[in-house]
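Each of the two complexes below includes chain A, the first together with chain B, the second together with chain C.
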Partner chain A sequence: MDIYLLEAIINGLLLGGVLALLSLGLNLIFGVIDVVWIVYAEIVMSAMYGVYWLYSYYHWPLLLACVAAIGIGALIGVLVHVVVIQPILGSAPINQLLATGGLLFFLQSLATLLFGTDYRNLGIRLPVIEIGDIFISFSRLIAFFMALVGAVLLYLFLAKTYLGTAIRAIAQDREIMGLMGVNERRIYVITSAIGGGLAGLAACLLVLQYDVHPFIGLTFGPITFMVCVLGGLGNMIGGFIAAFIISQIIAVGGYYFPVEVAEVLAFVFFIVMILVRPQGILGK
Partner chain B sequence: MAALLRLKDVSAGYGSFAALFGISLSVESGEAVGVVGPNGAGKTTLMRVISGLLPPTGGRIELEGDDLAGAPSYRIVAAGIAHVPENRRLFPRLTVEENLRMGAYLPQARKHFAERLDGVYGRFPRLKERRAQLAGTLSGGEQQMVAIGRALMSKPKLLLMDEPSAGLAPLVVDQVFELVRGIRAEGLTVLIVEQNVRRVLEVVDRAYLLETGHIRLAGSAAELKENAFIRQSYLGL
Partner chain C sequence: MSGAGGGRAVGYAALAALAALPFFLSSYFQHLAVQIVIWSLVYTGWALMGRFRLTSLGHGAFLGVGAYVPTLLWNNYGVTPWLGIPAAMALAVLLAMVVGYPCFRLKVVGHYFALVTLALGQVVLLVIVAAREITGGSLGMTPRAVGHSWYALQLSDKASFYAVALGAWLLGIAAWHWVECGMQRPALEAIAEDEEAAAAVGIDVLKEKLRITALSTGLTALGGALYAQYLMYLNPESMSGVGISLQIVFAAIAGGMYSMFGPTVGACFTILLNEGLRVLFGTHFVGAANTIYGALLVVFIIFMPRGIVGLAERMVARPKPPGPAAPVVQAAE
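So, the complex of A and B:
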């Protein structure tokens, strides 16, 4: 096989990891709370600024800054739920959509106000690994494996703990959760914290590869939504699979065509799939 | 004797529609009490009000003297009332064992999860065989076993059962009533709502007749079986 094609496939796989992590968070929130956080990528952006600021300005060790960023993501997640979503939980879905959409512009503007529109990066140059004739960026490799670790931890939490089981159960029968002794509002807050924390983890992985600026969310926000819808909104396994499909289309497409064309191909694939399977790959 | 559960003048409804009008009833510790009546009488509403799924619009709901009216359902379970809801309401995409684990969600129940799980599997060996199966794939009778087992996992003082025989094959209905008899023989207090008046009067000590949101009659099972109105309207005699 063409060595450059193989390199493209590997890069696509690595890109898919972070995309899968983002889709897990968004699907978790949607599955449990039944709300789409349009603002999700902006939580990632905020946490990226968190890493940047703690590392570059306050000179925290990178690992500690990353842990803090996960905390920042979780905190923003809780605030999004308690301040914005909880008061309008009973209202029409479009209102919730508009509210989180409004929050997107709020966070973008706040970031612009606080940090300006400069592109900032950590100034860390991670090595590029050469295996045979294939070049793999070390930061992408770290991102891929950390995304997998995050996904596995989330899986174990959902499968093995009481809280995780309740989170899966709540999407199946909301009304009777109270009969199990479950405080539904508390589950929503915890789920929001986890969803926000996953955004924080994704931020740590992305800030190693990309400059942060107030509009960075637009780079991967739309693609994350596309992945979630393609997989079947709320279906975490579907989203996980879709993330790797989309990233392969972009990576392999980018090998044959300019990268912009590759992204167009991904969206064309998405549109066709939505016509053929509107419920998503694994949706019901 | 102090009642385990006492309802005083409880009213409830949905929006502007009133479903229960000044219901008063009591359940003594160790008793099995039935609430019978036709479709739409308010039987399920009564259960939902007791377990906190629906806040009452008036009255008191006392468990061992403490007023629980208007408390959220997760507090009412913690106080000791478990509710086997109408139509079983299992989590279809969780396994049998995960459904039972949800029944033991409360901190005080988690500590005893293993022994209570053994207890439920001892009572329903079939569920042990199917413990890794998704609850949605079980037969109606098996689902009812899971629903009852799930409620027992919290080791309640009072077990509410809403139409446990509904939608089940006649043979399975026999099993369900046998089960109710067994549970109450173990000393667990049971409040059961049923349309199947004849069958329920065989397993309870006392019963109330609920019609259009009012209690029309109350008495021991033996008295009600002999009551002319019940015989004519509900037993078809």
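So, the complex of A and C:
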């Protein structure tokens, strides 16, 4: 096999890890609260700025800055829910989606206001690993493993803890759970915090690979939604598989064509799949 | 609208005033007026679908087709925009049909429809960037300038361009009126309410949806074409993709997507707000204007989903039972 093709496939696999990590939080929110946070990628962007600012400006240790970024993500997640979603929880789903869309503009512009439109990076260049003739980005490798760890932790939390069980139960039947003595409001706030925290975690790994700027959310936001929908909105395992399919299309497509064409292929694949299997690849 | 002669007279008077407007304005305000009229057309086009719960987050795709096709035809083949623009509109409608037909056929609605259209917007954006040989990619492109020429639709005075744009906007308003007063509105409202039930009473759901989509996307492409001709500069980010698609959605909602002049009010509101805040804050606080705009949008969607016009109508009108055009709010579960 062509060595460059192999490299493309491996890098696609690693990109898949990043996409899977990005889609985790969004999927959780959708599955439990039944809301699409169009603003999700902008929460990631905000947390990326958090890491950048704490590390570069206040000289916090990187690891501490990352922990703080997860906290920032969780805090924004709670605010999104309490301020925007809670008042319109009963209105048409598309209104909720649009309200978080307004928030997208807000966060984008706030970032422009606070940080300007410059591209900023941490100035850390992680080594590139060379195996044989194949080059693998170390930061992508970390992201890949963190995605796996994040997914496993989330799974254990949902499967093994009382709170996790309550969250899953709410996702299945929100009316009955109220009767069973589960505080729906509290569960939603906690879920939003976890979803935002996962966005923060994704931010920590993205900031190692990409420059931060206020509009970075627009570059990977659409792909994240695509991954979630393709996997079946709210279906975590489906999202994981979808992340790897999409990333392979982009990576292998990028080997044969210019990268934009590869992305077009991914989007077209998404549109076709939604028509053929609107319930997602793992749907019933 | 009161259909009486008096109402009509007021309408004509308002139109005459609008037509005469540029003669009373300085160049800067003429510039704002042209922008407002063009975007009013685009927002009206979007709202034609949006009001019937066909929430498209990808109208940037049609804006992009409208903007690039006439310019590409003009630059490469010398085809006049007077032919290029209809061609672009036809192409935009064709694109909408190619995506819309399977969507409507397979009953893709709500979130899923919104996300399919979002993907479509990205596809057009990426295709424009990928075709950088002819489109200039992310750097953008300019129509080949020939000085003041009606043939090339390159008008050096803003008043003339304003007249052209106003004509196009009237076309959009006429389309709205046609939908509002024809059989389409009740049919589409029934579909928005309950697709199965609408089909059961003999409404051709597929046909109605495709018709309104064609109308909506064609007008959006027209707006995109005029905007490109006016600015004489196109770039993929400002003509297609998620950012501009969302801008269209929000301006239309802010103005009021259920009223004929709602989207137009939305265009006035957003553009004047943006300019006002820009003047207020100067260039020291880049982003301040949009920060306030974003916060306002959230407030609008939460507290007044029918927009400015909807709110005004409710304050003016005496209390009456909600008409069929009232947005249906799902019962809280």
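As a working rule, the second predicted complex is superposed on the first by the 283 of 284 C-alpha atoms of A that agree within 3 Å, B and C clash if a C-alpha of one lies under 4 Å from a C-alpha of the other, contacts with A are read in each partner's own complex, and residues count from 1 in each chain.
The rule we apply is simple: a contact is a pair of C-beta atoms (placed from the backbone, for glycine too) under 8 Å apart; a residue touches a chain by one contact, two chains touch by 3 or more.
Remember, it's a predicted structure, so these values are computed and weren't measured experimentally.
By the touch criterion defined above, A:178 lies against chain B but remains apart from chain C after alignment on the C-alpha atoms of chain A. In the overlay built on the shared chain, the residue A:64 is in contact with neither chain B nor chain C.
When the two complexes are overlaid, the chain among chain B and chain C that reaches more residues of chain A is C. With both structures placed on the common chain, the touch criterion links A:166 to chain B but leaves chain C unconnected. In the overlay built on the shared chain, the residue A:152 is in contact with neither chain B nor chain C.
Legend: residue contacts after superposition of the two complexes on their common chain; A:214 is shown touching chain C, with no touch to chain B. Touch criterion met: A:268 reaches chain C, while chain B stays clear of it. In the superposition on chain A, the residues of chain A contacted by chain B and by chain C overlap at 175. Here chain A touches chain B in the complex through residues 162, 165-166, 168-169, 172-173, 175-184, going by the rule given at the top. Those residues of chain B whose C-beta lies close enough to touch chain A in the complex are 51-53, 72-74, 76-78, 82-83, 85, 89-94, 98, 101-106, 109-110, 150, 154. Chain A makes touch with chain C in their complex at residues 36, 38, 83-84, 87-95, 97-99, 101-114, 116-117, 174-175, 214-215, 218, 221-222, 225-226, 229, 233, 258, 260-261, 263-264, 267-268, 270-271, 274-275, 278. By the touch criterion given at the top, residues 53, 55, 99, 102-103, 106, 108, 110-112, 114-116, 118-120, 122-123, 126-127, 129-130, 241-243, 246, 249-250, 253, 285-291, 293-298, 300-302, 305, 327-333 of chain C touch chain A in their complex.
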